[in-house]
Amino acid sequence: MMTAAELAALLRAELHGDGALAVRRPCHPAEARSAEDVAVAMDHALLPLLKDCPARVAMVRADRVGDVPEGAVDAVIAVGRPPMAMAGLTAAFAPAPPVALGVHPSAVVEDGAVLGVDVAIGPFVYVAAGAEIGDRTVLCSHVSVGAGARIGPNGLIHSGARIGSGCTIGARVIIHHNASLAADGFSFVTPEKGSVESAKETGRVEATNTGLVRIHSLAAVTVGDDVEIGANACLDRGTLSDTRIGDHTKIDDLVLIGHNVKVGSHCMLCGRVGIAGSAEIGNRVVLAGGVGVADHVTIGDDAVVAAGSGVGNSLKGRAVYYGYPAVERERAFETHMLVGRLKSLFKDVKALKAAVGAAGVSMGRTQDQRDGREQ
Amino acid sequence: MMTAAELAALLRAELHGDGALAVRRPCHPAEARSAEDVAVAMDHALLPLLKDCPARVAMVRADRVGDVPEGAVDAVIAVGRPPMAMAGLTAAFAPAPPVALGVHPSAVVEDGAVLGVDVAIGPFVYVAAGAEIGDRTVLCSHVSVGAGARIGPNGLIHSGARIGSGCTIGARVIIHHNASLAADGFSFVTPEKGSVESAKETGRVEATNTGLVRIHSLAAVTVGDDVEIGANACLDRGTLSDTRIGDHTKIDDLVLIGHNVKVGSHCMLCGRVGIAGSAEIGNRVVLAGGVGVADHVTIGDDAVVAAGSGVGNSLKGRAVYYGYPAVERERAFETHMLVGRLKSLFKDVKALKAAVGAAGVSMGRTQDQRDGREQ
Amino acid sequence: MMTAAELAALLRAELHGDGALAVRRPCHPAEARSAEDVAVAMDHALLPLLKDCPARVAMVRADRVGDVPEGAVDAVIAVGRPPMAMAGLTAAFAPAPPVALGVHPSAVVEDGAVLGVDVAIGPFVYVAAGAEIGDRTVLCSHVSVGAGARIGPNGLIHSGARIGSGCTIGARVIIHHNASLAADGFSFVTPEKGSVESAKETGRVEATNTGLVRIHSLAAVTVGDDVEIGANACLDRGTLSDTRIGDHTKIDDLVLIGHNVKVGSHCMLCGRVGIAGSAEIGNRVVLAGGVGVADHVTIGDDAVVAAGSGVGNSLKGRAVYYGYPAVERERAFETHMLVGRLKSLFKDVKALKAAVGAAGVSMGRTQDQRDGREQ
């Protein structure tokens, strides 16, 4: 059990009031049920809720301590950068992994698999021959680990995740429900030039796909240290070289990383992002929700691509991109603003035509007139 | 076994002809194989198919009974609103849940889990300690239910679905293959201001992500009564308070609901929708396929957002939205129409410039001319 | 073990040098570790890497044989169309299926299921009564096969894939991790006219969704021969008739195929594509990454739809489409180009107004002036 003072020290926050109070659970001020809850009110609008809240300890922004209703709580933990305080707070109360140490009797660990010390292997887990599970790594129920795959220490692999044969997973990696590592890449070729090649060359479909022949994926997936991979995300195998994810990169649910893709370190790939085969993503790149990246393009370090954008061409680093196709944000916003003013532009041109016509100036016929339409 | 008359009564439909005929299976008129099939021909174009169809009973729109080919069938069930008739018809013939009553010998139900009456627990199901499974609820093969999760009565959880610890699921909830409830939220923070914060403030990348620190998800997911959740959909945990889905809301395959999101009742979230963290969706909202919703925005009751739209800002209720970014449909369509007329506008302006030039009126140089391009 | 000469013969490629050399593993020239590796350098830029590469055999484009650094390798396999050579090469070295012949002792195969000769049924697989598994088909760990489902010969079903009851799967089908076949369709109807119907009719929300009644999915999914289905893809059941996928069609990860959809043969549906209910896709259609297709539309044979496009209306075949909404590529590109020139158009109009004004020609007030804005 922790005290308010201990929690404040952990968060490097100031403590006001009674530091000896026990703290057992952080919660929204409206959901506190016990004196030992910590009411988290870093949003200013929540401060009034502290008044009728059973929690005796509140966590607020340091610059808002004065706004805590008088007598509402007996201790205030006053924090600086709120999101960082949330990180520290939630880490302090994070639950233990949901699997008991050792190998559950229902699990199947093949001969020749190597288990580190203090691993926790849950129900219905399958570990194939030649796989290695690092020290203290936890495999939750229904996980499968293919032949020769290696998972580093202190990992947490949630239920139903699939780690294909030959994968290399670093230390402290978290993989969520039903994620797929090392399904085969989506890579097919036609014996003769096909419709897509024709479309890329000429913009037209001048050939049909007479057959679809499979390029097999002989390599696997390599994931660095401290990576997190979301639920139902898919990271496909490479063809000859592994698909690679750099250290500290975070991948959200339902993200698709195609075959041969290289992603740098400290990237954030938000929900429903898709990166097509052989693309290369730099370090510290942020792809917001739903962004699509075409095959073989590169994105430079520190680029930020706004939600829903489609990246069809390579992008330089350290800039913000937006749109479909994605262009630099300033340009996208300028275009957006100009399009928003089109109605008035059409009116201006109509007025100009009338004025110039009235002044007796001759004008060529316009397309609309040729089409028989009236503006 | 049911008769044509019983089926008509169930659907509150008119019966024409022999109500004593047996009906065993509804089908497309072209796929009928037996006299006891019901040929469903609510689309007018299918009526001619009844002629050579072995089915003796047809289901048609009430206003089309006269168009059934003479002598084609021996009974006609004439229905009003066809989609509602389909709902009733398919419910009448829906198969029983695919799991036998009781606990399959291969399943693992931990001590301290509570099973209601007449549950059906399939092969390789794992139910953790403290979980509660409601009366008559069915868990198909390979489902996992985390510690302390509670599932209401009459639920149907399909194979491979993951119900994380602490979730609360209402009555009559259907969850499809490999859906993920209560994976951790995608929530990371940088110790100092990072690239995304900088981009939001200034539109530029003026800071790099020097570290990505995890905000843990301490809460779970709460799902109301009569909710349906599609295959491979992902509903992430809340940080301090549960992510919430209201009663009667229907969620399609591959939908992503981020941490802390609140979704109202009777919503329809179609395939591949993504809702980012802390967004709030009202009641009876329809998000069509692939719609993305940014974090922290709100969408009002009865809003309808067209397929593929990107919602970057909060939207009022009871309106139709379209586009990227999503705006009210009328505005989006007006813009679309104006953009479609740009070619003629460029021609008009060119003609005006020529006319005005010919009239000897002086004009400033345009950007195109400065760029050395000819219009 | 294979020799360089045997590999060249298999690929119908020319062999230069020592054909007796053993070849054990194809790899990127920078990743070769052994003399028996085959360094694959079909990209011209990789040729210099052969110099310091331990591999003794290289595979290069026939028209680049002269550019192989002198003495770098002892045999060169010179190929024609490189992607086809990759297909042949990777097939030659593809690993055996990861499951031993027979039924793993942990698997559950219900009485009344029919297993073909030489099947391989992995750990924790569940096969329901009445299911049929074709000769030599492999079910990897944690797969479930529903009652009455039939899978053809020589199939490979990867871990965690779900094959719902009643499905029909052809020969040589590959299904990847955690894919879902035959979850129920997303099909709901309101007793009275609802918001979406109202929006489609009038563009406005003039009705609310007073209830959402389920249309059950009574049919299943039929998949042809030589189909491949990606990880976490979802193919939903049909209502009365099966959802159908034609022979040789390839479906990438995270693709959603709605209820009643018909997809032709030899299609390529790339990652994150979504096809809504009852749409019909022709033969040899290519939908690039993230494309969305509305319900009930049709797409003709040999159409190619560019990444990220939204198909709201039916499209003719043998053309390239682009955009949101998707239109023929030429039209989309023209519009894109015109929008890119808007800034100069606004300047031209401003100059014209000034010029015409200076000339004393009267003009009507424009919208911008009425709004009190200055252009």
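Order of writing sets the labels: A, B and C. Residues in every chain begin at 1.
One rule holds for everything that comes next: a residue touches a chain if its C-beta (ideal position, glycine included) is under 8 Å from a C-beta of that chain, and two chains touch if they have at least 3 such contacts.
By chain, UniProt protein names: A, B, C = UDP-3-O-[3-hydroxymyristoyl] glucosamine N-acyltransferase.
Treat the numbers as computed from the prediction; the structure is a model and nothing was measured.
If touching chains are joined by edges, the resulting network of the protein chains shown connects every chain directly with every other. At the chain A-chain B interface, residue numbers used by both copies make up under half of all numbers present, so the two copies contact each other through mostly different positions. One rotation lays the C-alpha atoms of chain A on chain C, and its angle is 120 degrees to the nearest 5. Our note on geometry: chain A versus chain B, Cα centroid distance of 22 Å, whole angstroms. In chain A, 124, 142, 160, 178, 232, 254, 272, 290, 324, 339, 342-343, 345, 349, 352, 356, 359 are the positions where the chain touches two or more neighbouring chains simultaneously. Across the complex, chain C is touched by residues 25-28, 31, 40, 81, 83-84, 86-87, 90-91, 93-95, 98, 104, 106, 122-124, 140-142, 158-160, 174, 176-178, 228, 230-232, 248, 250, 252-254, 266, 268, 270-272, 284, 286, 289-290, 302-304, 307-308, 318-320, 323-324, 329-330, 333, 339-340, 342-343, 345-346, 349, 352-353, 356, 359, 361-364, 366-368, 371, 375 of chain B.
Only residues 108, 124, 126, 128, 142, 144, 146-147, 160, 162, 164-165, 178, 180, 183-184, 186, 188-189, 191, 195-196, 199, 203-205, 208-209, 211-218, 232, 234, 236, 239-241, 254, 256, 258, 272, 274, 276, 290, 292, 294, 310, 312, 324, 334-335, 338-339, 341-345, 347-349, 351-352, 354-356, 358-359 of chain A touch chain C when the two sit together in their complex.
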